[in-house]
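A, B, C and D are the chain letters, set down in written order, and residue numbers restart from 1 in every chain.
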Amino acid sequence: MTADVRIWSVEHRFGDFTALHTVDLQIAAGEFIVLLGPSGCGKTTLLSIVGGFLSPSEGRVLIGGEDMTLVAPKDRPTTTMFQDYALFPHMSLEANVGFGLRMRGVGRRERREKALEMLDMVGLADKAARRPHELSGGQRQRVALARALAVSPDVLLLDEPLGALDLKLRRQMQLELKEIQRRVGTTFIHVTHDQEEAMAVADRIVVMNHGRIEQCGTPEEVYLSPRTLFAAGFMGEMNRLPVTPEGSGLASPLGPLALAPQTGALCLRPEDIGLEGDFSLGRARLSEAAFFGSHHRCHFTPLAAPELRLIAHLPQGAHPEIGAEVELFARNPIILPEAAA
Amino acid sequence: MPTQLFAPLGAAAALLLSTTSLQAAGELNALIWCDHADPALLAPFEEAHDVRVNVKEYEGTAAGVTILEQSRPGDWDVLVVDAVDVGRVAAAGFLAPLPEGTVDTSSYFPDLVMEDHNSVDGVTYAVTEKFGYNTLAYNKAAVDPADMESLGALWSGKYDGKIAIYDYYLPVLGLVGLQAGIDTAGLDTAALETIKEPLMALKAASRQVSDVVASQTALATGEVDILIGGGEWLTAVLNAENADLDWTIPAEGGLLWAQSIGVVAGTEREELAQEFIRYITSPDGQARLATSSCYWGMPANAAAADVLSDDEKAILRWDDQADYLARAQLYPVPDAETDAAMQDLWTEMLQN
Amino acid sequence: MRPRLGSPLAWIYLAAMFTFILLPVITLVVFSFQDGRLPVPPFKGATLDWYAKVLSDRAMMEALGNSLLVAALSAFVSLLLGFLAASGLARVLLPGSVLMRGLLIAPMTVSYLIIALGLLQMFNQIGLRPSLLATGIGHVVINLPLCFAIIYAAIGAHQRNALRAARDLGAAEWQVLLYVAAPMLAPSLAAAYFLAFTFSWDEFIIAFLLTRFDVTLPVEIWSMLRSGLSPETNAVGSLVFLVSVLIVVTLELSIFRKARK
Amino acid sequence: MSLERQEKRHGAALVAPALLWAVAFFVLPFAAMVAMSTAKMVGREIVPGPDFGNYIRIFTEPPLTRAIFVSLEITAIVTILSVLLAWPLAWIIATRVPAKWQRLALLLAVLPFWTSYVVRSYSWALVLGEKGIVMNTLVGLHILSEPVQIMATRTATVIGFTHFFVMLLTLTIYSNLVQLSPNYARAAEDLGASRWQVIRLVILPLTLPGVVTGAFLTFVLCIGDYITPQILGGNNELTLPQLIMLQLGRRGDYPMASALSVVLMAMVTLAYAGCARWLKMDRV
């Protein structure tokens, strides 16, 4: 029903192109892991390697302690939920969900019971006799989930499963996914490029870029203490300022800052910039502002560096006026080395 | 879906089974001309001997020989072939000797026993079974019968565009030769040069070069009025439809075609094959062969007269045969080289 | 585009083309009832004699059976081979797959006469007699490209993923093909089979050169044509026509209409 | 073995039977035929080559060379005529005929497909004859004073062919037309194009791939056909297939028949190369 996954020094090349550079990852049994990154970062390649659709050029994949590197998909304790769901159009929902059991030689009655149970779990028990084309997108997605879980895999692989849904439905499905995962206890490996989705479902997020793992940690860790500039930028909005040491402080385009000397990029989340804070960023003019409900999203032009733009979230109660000059403060500074590339 | 696909398959398999189970005890494979394909001819033999006669038609001795070359011994039992070509085919080893007395030719038209042609070095390989003439067939209603007394009428310009040429090179080249004063026996490569010009002129004057059906259609519908190479074999079947269709042997003469039948060497059913030949040359078989659906023709065995009706004999012009035979010449018998030259000339004529 | 009942020119053209297209078949059918020896005008009155003659013609009925047999079996083999090849090529990118597709499609661009002549010579050399089997092999050669192309074109990304999903859920190769691929591609398979059947049924030159005694219907009709002008030929043609049209209309009203919904 | 290798092995196993079939019954026979074409007929003997005498004869002896031109001419005329006749027909059916009658109109337009191919040519012989329907009507209506010869001419062959290929092309062009979004025409009209300009500048170019594919199929089927010219052409000129059948049926000259077939094949290949950029053969 669940198993841990160990990815050992996995590398994958397509001809001259290296899709994955020596990736190491340990996933605990029952964990909900999200592989997050932009398209082309290697997350789908990694998922395919775990699912058995690709074999790594180097390295090994262990599931439940057993080497699965060269085992075909159908013989692995994994199932995949495909992006387009890949439901069989000529079969009823019940037959779709029962397909994996049928392939395992499970008897008709038992298959039916299990299929109905799974459909019930995703709230579609009343539609068991329908065909996939009679369903809405969200319903199809649930069927695909039920079908993949019906064979009680140790690991469920989800390839951008919510990509085709609209925002509202996506948020609802994220909740459901998390809930179901908790209920069945299966290890989930979920691929997405949507950081909100990642934060909504993941126990741990694996941020990937250019075939490498940039950071791996809980959503809080990745958001609050990004370890690379890429992880910092991909996990949400971020103001970046190049800084160099100057005396006991820092030199920046905004002028000297009262922070410990270091070279790199100073990263500040918008909610960490405001009219009060731990250190001053100097004066700036408000050039644009929009009300987002929970906050005002404001663009400030620093007087010291008019070519720059700082984004800050001001509290609901603030009444920013375009053109007003204020002194900006910040807190929670993170200084990361500039990427070599 | 698969069940829907399998349904026609099942039906097909059932059909295959049913056709095989219907097959008669024995088979006889005959390489023939189309007149032997008439069920009315084959049925009595098949019933009497509980066999199935499989027939394959061919045209032209060269093509027939090619088929024999590509077959294995035992593939064929009976061969129908131009009487004049029996020697060639036998020399190539494709015919088995016919034992003395297989066929009683005593009641044959004497001219049609053709022992010279049917035997090689005193060994008989085939017997004549049917004959007729390649001359002029015409439409009495549109053509002055007096004109048809001379082949020259075709080159006179009077019937330009109303002539069809029968699409078989041997008789037509023979006829053009006769018009040029060359006997069929003298038709060699040099003679072909001589007849080339009149042949091309004939093509220019004619409307089409056509096989049996197209010729019949054209004559019957009045698209053409004269068919060179035609004869009773072509007009007889149309007699009921259009009594104006007639044929004649002009002053220059006509070509006598005669077909022989023999046993193919290597057959595993020699006795049955001989039995078939006896049937074909019997009065009953001869009468049926003479009036076969593909084309009519005179039976070689005069004893068929007792079986044929008076009407049939009238259409075949039974009583005029003595005169016709006297005036007709046998087909040319070209060697391989001349045959190739003839066919080249024929192709050139078609393409002109 | 919205239908506009505009200029009468279009309708005149339509009528003229339909006349051109339908004239020969109508003539064919009308003169199959000709009470006379020649199937040309004038029409001398109606009779069913020629139909009776066709139906009692042993050779013709056997040829009909042979044609059905060859068409049904050769279309099935073409379909099977084409289906397997299409699923194989759609599944993975094989080295040289462009070449393979080219080779599979190539017979479509070659005249039947050339295929027939080549097979005739090869069969002669290896000693396979001209027969229905030889003809069937030839018909598979011409129909395989057709079946392959139709089925290959029907396998899109969606189908590919469904097949992957089936394998992921533990289906063996044959199970993927039988339970998922074949039913999913059923409309294309039916269309391919139907077309292949029709092509084989109507094919002349291969059957002409590769049969000996057990000929197919087109060859039998051809030899009937060559042995004499007769309304019987019209009757055979009309029978084939009417039966085919009946089948087509039935299919149109049942399977294909359903498939489009 | 890596998973990709396993996959490829499975894929290859699926493709193998069809490939084997194509090699055994298409490539090998063709190779045998090419080999045969370089043999030589001496008397009744086939002497293996290589000997290019057959090819030299084909290109030097006028009756043989002419067949190539006859075939090409007839095929070119038929292909062009069929496209010209079929395009408007397909367009009228697709745009003028109300949607619910379109299937019926299309079915009618290809109805003669369902007669036997041999019989279809034969029925034209009945129609075109001097006593056939066409002449009867034309003379009866005093359009012609007396029947004109059509049967047993190239015209008859062309009519017979065109009849068949108009049906084929109407189908391919129609399916091409109905796949076009009506918004193309709307957009063009919206931008001020006249109805004729819409057809000429928008619809016609968009149907070009379908037209070329159909025309190529027409070319292949037409240039290789024996039946139609044999039944309708009256042997007044020989096409390449007729010449090939003559070598087979009358002479048993396999080397020459093979050489002529190789020439026929070469012509089709050239035509294919000529329109390859528009052809998507595996999507027919």
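Methods note: contacts are C-beta pairs under 8 Å (C-beta built on N, C-alpha and C of every residue); 3 or more make two chains touch, one makes a residue touch a chain.
Only a predicted model underlies this, so the values are computations on that prediction, with no experimental measurement involved.
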Chain-chain pair with the highest tally of contacting C-beta pairs: C-D
Of all other chains, the one whose Cα centre sits farthest from subunit B: A
Length of the line joining the C-alpha centres of subunit B and subunit C, rounded to whole Å: 35
Separation of subunit A from subunit D, taking each centre as the mean of its C-alpha atoms, in whole Å: 58
Whole-Å gap separating subunit A and subunit B, where each centre is the average of the chain's CA atoms: 88
Residues of subunit D engaged with two or more neighbouring chains: 4, 129, 131, 231, 248, 254
Multi-partner residues of subunit C (each touching 2 or more other chains): 40, 183, 186, 225
Overlap residues in subunit B, where contacts from two or more other chains coincide: 217, 221
Touching chain combinations (by label order): A-C, A-D, B-C, B-D, C-D
Complex contact set, residues of subunit C against subunit D: 1-6, 10-11, 13-14, 17-18, 20-25, 27-28, 31, 39-41, 81-82, 84-85, 87-89, 91-92, 94-95, 100-101, 103-115, 117-119, 121-122, 125, 137-138, 140-141, 144, 146, 148-149, 152-153, 173, 198, 202-205, 209, 217-218, 221-222, 225, 233-234, 236-238, 240-241, 244-245, 248-249, 252
Contact set on subunit C toward subunit B in their complex: 36-38, 40, 57-59, 62, 65-66, 68-69, 72-73, 76, 79, 124, 127, 129, 178, 182-183, 186, 189-190, 193, 197, 212-213, 223, 225-229
Residues on subunit D engaged by subunit B in the complex (per definition of touch): 43-44, 61-64, 66-67, 70, 125, 129-131, 149, 151-152, 231, 234-238, 243, 246, 248-252, 254
In the complex with subunit D, residue positions of subunit B that touch it: 58-60, 62-63, 65-67, 69, 92, 161, 167, 169, 207-210, 214, 217-218, 221-223, 336-337, 340, 343-344, 347-348, 350-352
In the complex, subunit A residues that touch subunit C: 51-53, 72-75, 78-80, 82-84, 86-91, 99-100, 102-104, 147-148, 151
